[in-house]
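Think of it as A, B and C in the order they're written, each chain with its own count starting at 1.
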């Protein structure tokens, strides 16, 4: 654990009790996550639904505790902070701005809530802070007393960002911050998060399945599959030369809005595995074109690579 | 952002707007307001509801040939003015209805929110309590308690209040459960809100709508329960007036002087109908709101 | 059934859909759509939420909800006019001739019935075949859309399948009566990216095999680029630009199309971390008479001349455009990138 790590996750697992065909079973949503994020870095966590990225974001927010392993913020376990201290360090922005704002509160009181909870300042100073924040995220001041139902999706996401940033946290966890928005609005939110990140020196964890957005925003990428980080690397390196077959299949599935490129269709389909009954060995082996016997029995160890690591018995060549 | 005008109304204005267009709201609300007004200021204009006048017993109402304006609705078998007693009874009914719902609403909402928000063991225990409460026959339990402890307005309010919280708890529990995992509650936790703040500031305002609807149903329920207990002689004690008691006191006169029963009966039906109409209107306003 | 491959399956001109509201106002979510689809061709209708693209699709199925009203200068399917068709006549088209695939297969499949009974019911109604025959056909259809162990799937309920499999079942059902046209409304929006690629690949392959016409409704220009032969870009209930997909996406002529393309981060085209272009403002409400170009308020190239209704103007080749300022005239004016800064 390096001294300057803003966020450090070591061997984190998270289990949920579930009933599976009437039986009590354990769903291991996270199966030993290691991730270190430095102050001011933008790191993307990429993966498909059910890979555990949302669970991971809850552990990082301290809303859920890991079943084993540690999640540390600024060198101290997240659980050791008082809730108000924690709130001052790390804040979320959620995917759906329709459900992340209380429909019964005005925008002004939603944005001011972190200060109210912390007991910071008086009504007047809070109002000034809200006005400043609204300007910073591009919300016109006359919306102060409006309700969430009266504004557009893009504006709601700006409100969510304003609420997250008013308490001056060091880390922002953006869980699919643009995927519920229209294309033309997405770019505004991407621009806004990017600008605020640079201006405030924020650490941003971008959780997304949209690789184009990830490529645009993130410096580093961690690819998750079935509760495991299967590959990490610097964005350009990872996009240009993925080592893990799953990373490559994700990249192959990206559909850029440039005509003429038909992605390679794969005829055979393999269903994503059930996280209650994960396959033995490498979690990706049932869907992997390169899988061999060892992949079906042994979980691959981490292999260090340029700027990151991968977990694969048969990786693609670094020079390919 | 160019001239972003607010096209939609705020949730509160929208609800009010819908309510004012609802016919049931005007009928129900109007009737309740009228009864409330009568209960509050009526006694200033009527005779003493407990003054007996044995020389003027069983005077028929004014529309009967033998009736007179001295007793517009006639008198009962003890010569007490029926109009005065009706007005006085309105106070009792209104008081019982509102006070019991206050008691049961507080109990039920608190239990439902706790069960819905905390889940797990808390939910298990509270669900068990709800189940137990649902197995108790309300009228029988109320009868037994009143018979043992003795009857007074306070006892009635407490007993009925303790018996009618179940619907509040059930409705609050499911509504809270739904909201407890919503992103805005998670956001509230992430900004460091305390649990009481989350429950009272974030969740409660979002479940007030369904709670008001339940409350109207339970007011009607409590009014009828009081009438039933009074009719059975275990509710309001004479000489205090209550519509249920008035029906009970005149049950021997059913065939000969039907107005003695019809008048408090009609009053009771009007009140309960009005409350239900109001509840219907509120439900129509609250239910389609969804996430707005 | 016509067999000419280049005959238009759907011809639609000046489509308007009006919906009177309870408050006595009249909404016009669709107010000027012109498009055509040929056999074996995929037309993408692309636009943002509320632009009227789904309603347009419903109007082709006779499914615009009451009290909505559909008017069009021309609306025909395979030469047959569709305006004023009775419900019984619609039912002969829906399913056997025009099939629909929705975004969320969970809501279009009945959770109470097995996949098998839902598939065979459709075929027995429209094809008049027996139970065993329908079952055999269902198995072969499921196999054809790449579902492993298809016979076993017939006994399963929708909730037992993953999202990708459910969408494959929907496609199999859509194909079951060999329709001439499939309308797919955001068929992959609810799916993961790798599953999306598979489903789109399946649709493209089935089209190559059967020559079915596809109308693909989407908000994703990436899906348009990979799937569509032609594209119609919609804004505020109007088609603002249509043409060959490659042409429209490489050289967008309407400012809205241009703005959309600049708003999407595209590896290789947009620089990492650079400001993306953005379209300021909001979509105008679907009410009132159209008195100006509907995009005028948000358009960086808007000039006083734009304050008049703009018709869909035919251009070179197959293209049409609803903008009176030629690209050459506005090429040096500040565009959407500059707006990107203003907005943030």
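By our rule, a residue touches a chain if its C-beta (ideal position, glycine included) is under 8 Å from a C-beta of that chain, and two chains touch if they have at least 3 such contacts.
Model, not experiment: these values are computed from the prediction.
When chain centres are set by their Cα atoms, the one at the greatest distance from chain A is B.
Of the two chain pairs examined here, A-B and A-C, it is A-C that is joined by more C-beta pairs in contact. One simple way to say how far apart two chains are is to compare their mean CA positions; for chain B and chain C this gives 53 Å. Centre to centre, using the average C-alpha position, chain A and chain B are separated by 50 Å.
Once the centre of each chain is set as its mean CA position, chain A and chain C turn out to be 31 Å apart. Along chain B, residues 1, 4, 7 each make contact with two or more other chains. Each of residues 138, 152 in chain A touches at least two other chains. Annotation for chain C: residues touching 2 or more other chains are 282, 343. Residues 48-49, 138, 152, 182-188, 190-192, 194-195, 209, 211-213, 215-217, 235-236, 239, 249-250, 252-263, 265-269, 271-272 of chain A are the ones touching chain C in the complex.
By the touch criterion given at the top, residues 48-49, 146-148, 162, 164-165, 192-198, 200-202, 204-205, 219-226, 245-246, 249-250, 259-270, 272-273, 275-279, 282, 340, 343-344 of chain C touch chain A in their complex. Residue ranges on chain B touching chain A, taken from their complex, read 1, 4, 6-11, 182-184, 186-194, 197, 202, 205-206, 291-292.
Those residues of chain A lying in contact with chain B across their complex are 58, 61, 63, 82-88, 90-92, 94-96, 98-105, 113-114, 117-118, 138-140, 142-143, 146-147, 149-152, 155, 160, 163, 167.
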